């Protein structure tokens, strides 16, 4: 068992980390860090629990520590970070001197030598770690996962780019309110309404996806060479991002073939049988009105992305459309970091 | 004053007709037709009123008649139809023998010699009426308006196609539940959820838009020659369809120019000062998080379409993106038919 | 293993039965009955699945039969009924000739010799069964469970009436839309809205609760002798009824004592360790803003009722107030029938 | 025309003040005060507008001033306050030296010599003003209106207490999210959920209602002598509080008589024909499923309270039940202060 900790443990993604790490076969959650306001208190006393399932018994009595390496238990090997970006920039570097940092924060994504990884998509980017450690003279290192809407999209694109020549992609999202954090979206903003804007989200989707689906040449990442445009919108859904995708290929194709490639997609996490790896990273639904966020977000314990309405686009040559739903705080956040850590634990530690 | 009637008067769009016709300066609402179950009753007794505003006093005592021309008051000149498609196919033809039928139903849209019209977009299609009357030997005629999501989209496209060479359009919609009728979307289907499918909606948007933005050569309509693909989704919003639009032009352009053309767009209904014509068919919002359905659906008394997030698409050459909100049961249904009737009343009757 | 069947298997409560019976240690689900439209089809083909969890594999291939005893597999011993009231009246009697009928329908509730039972509250009412069988010359019998809002209320009242003299109760409910069936509440009726009326609900709560908390003298039930008034309202929540309760006792009391009696309440199902019996029928929450339906409906696998805001009522002598949340389609419907069947299986079969 | 100002002008209730004062026949809105962050800016630049209707043109160019009397235009006679309680305590006193303060804040409610007034209920409490001015040596004075849920309840109780002997009242509320301010209720807290707790709300309802329905003896208020208990809950509704009420009278009564007294209730504001006074302070609905917040909150321009489901309570002697809906930010907040000011303007200034 590897001892692990959570940074930002009282927040919503922090709570998802705790939920996913409870009874984990490889990781023992022994440290919880949060702001000074919480530090020194029992976790149960420091936290308003936001999730539908109960707070795990195992964390209730853990005393919350300050968010810096000196206050973290020495026996911890991996820390999961759901810190706000502005804090993550410095704090994650401090931890990386001695700890493996599996981060859901955006602060270090796509920086030189810092792997941005989805285990099913680009596990080879972990090869950057050596250079990262040498460059910084760190014993630990930082690994990041992408933005929530990027992860769901990229997982479904992987079997496509592996088998077809993609020319262009447009994606329009309908994102859950949990993606903005517990206090992020006031009810006054979203009841009988939607908000067609999410700060920096389109930029993240457009850049991270091309990075993830690019190639690492041993020194740097060369972005994938198709074009990708995103329009991002917030809707009154608690959990589960929905995305409508328009894809243009370079060549003619068979839509049944696209479907098969998605439905049968398996990758390294499935081969290694990692604990959080879903049996199917992508599930293809046949019903004409699926996927739907409330019905499909928990597929594969929240780690599968559900795809539906896969259909030829009659308006454009070589084109098709589909809709996906992915759980934004599991596969799109805490679960992404945990799966990264499982891969690291299997391959590197 | 022209006497008018409403077919399908107890339904949701029927109620919008009644609301819009109350205190109308040109039209006097004197006849209300509905199913046999309602016929013979006072309108107030026959109807569960669904709108937030009160039922107008003027209609409460009107006795509902059966939905056929023999039962309709002879003094009526125009009937507004919000009949279900399957009934509309025959019934509207029966009425067209003697009445002007301004229809929101889809049964006769885009059929030969039946104008599908948005007054700001293609008023010249009304020239089909002569041929329609001759062909059928009717004293009256049928005029239709497009599907709700088509109208909002096409209104914003008109100033674009008039000023730029459009190559392709993708649109992803987030549509209000009222579009499916009062009982159309169960709450179980949409609370904390969305439904990524609306029957026939994508086909309607794709075909009607090209038809509306095409040209009438005196005999037939030649569709516009750009390509258009739609993905349609239902969200938990009462009224107001939101659409995210990706447009590719043939040539380079100035985004400020696009904005000006939209913001300054005026057309025949504005020139004629038709009663239901909004001052601005398209309103361009500057706030980064608008338009929003609850905030913007009532702009221009529900007859304006609000556009926002107009921005260059960095991923594609000659491309831009925007978001629109339009009121689906006013501009997208009853108001569309009423404006058509106002134009007909001004120009033809 | 006892073979069991479900009547009304394609409906929402029918689906909950299937979910709760999947992998049940005592019951083997072997028969599914539904309307003629579904009969003859595989269950998976006959059903639009409404629940968030996937349809259990074990039922997908079961061929749906007609809803009458002749078409039901002979090996079945218990049938669970979620039939609409109007069908249940006759059909359940037909089945009772040979089967144990555990019914969630209201048709036979509180009729002479037909037990209306909550296992934690009045298991002794099962003693009516002998008389029921003799009177009708049946080999089987009917057992019913109460209305959803009644069950949650009565479970929390049981430890109170057992320990204090209750004078009067007022209850105001905020009920989930699932209680009305999948198509029961249109989204147009409930988004940004609530409906302060549920047909017959207040009458059921007022009569069933007094019946359940009364006493069975071997021949008939003598109602409890306190007074109870209900006001019932529908709110935009998928699952989980919330109820605000005002109680007046005959005598002074200690609020801590009320809390202890509720929190420590255990009854026969807990003693017998019935499979669906929750460890605690009533859970008392300490947080000032709980219970909440989305957070607490699944407590005890949906079989516990959560109570909170237990406080003295300063306005009235000998009075207190509290709020409860119970899962309306688990503890309040399918789970109630299953627990009844478990008790019958343990004690009678 | 009397010049008026608004304190807390950028907040949600502040915006309602602006909306209600736009085109007011007696009041000219000339001053807008807000926090230092907004002071010095044009109102349009300082404010994110939250209401569905557009920001009135007349206020866009008003330069926001600091919230103290020195920075307020001298020509202003009345200031409307929607300040947070903690600021209101001191600031309203500062203004009262020279201005009439019509306050929606709770800071000075029910304090000695400060009238807490609903014009239809207890206009005579304005007689406290003389003593207030003398005691404080002020040229101006403070008048307050009650809490939103109190106002709706008390308006419907007034015709009852005037005509019947009320023994006791229990009320269970289902309150809109706007009552907590724009950022008050996160969407994560309320989508597919409700929150059965609103801080201090029950205490306010219980104390303010008895105060308003008491009597002013020239020196102090003697509370009404019935008993009142409240249970308060937040539901996913934008505007419009719903309340379920259980009333016990001392004597037998005729339910039709109760209905008539409510439906025909008129009071001083109606006699004086005050601009914001609704024709009917209480509207009695006959439909079995009304009032509903989305349908009825705007009755009487948001100044009427709608009552429905008025029915005998069969469980208790001399008792009846009903449900009300009132607009919480119009009649329950800004509109209440404006109506108070209209009465003061008519009677005192």
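Here the chain labels run A, B, C and D in written order, and each chain numbers its own residues starting at 1.
Following the convention adopted for this analysis, a residue touches a chain if its C-beta (ideal position, glycine included) is under 8 Å from a C-beta of that chain, and two chains touch if they have at least 3 such contacts.
To keep track of the chains, here are their UniProt names: A, B, C, D = Aspartate-semialdehyde dehydrogenase.
These figures come from a predicted structure and were not determined experimentally.
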{"item": "Longest centre-to-centre distance from chain C, chain (CA-based)", "value": "B"}
{"item": "C-D against B-C, pair bridged by the larger set of C-beta contacts", "value": "C-D"}
{"item": "Between chain C and chain D, centroid-to-centroid distance (C-alpha), Å", "value": "41"}
{"item": "Gap in Å, rounded to a whole number, between the CA centres of chain C and chain B", "value": "47"}
{"item": "Residues of chain D touching at least two other chains", "value": "191-192, 236-238, 294-295"}
{"item": "Complex interface listing, chain C residues touching chain D", "value": "168, 170, 172, 174, 191-197, 206, 227-229, 231, 233, 235-238, 242, 244, 246, 288-295, 308-309, 313-316, 319, 321, 323"}
{"item": "Chain D-facing residues of chain B, complex", "value": "52-54, 191-192, 238, 294-295, 298-299"}
{"item": "Sites on chain C touched by chain B in the complex", "value": "12, 50, 177-178, 182-192, 236-238"}
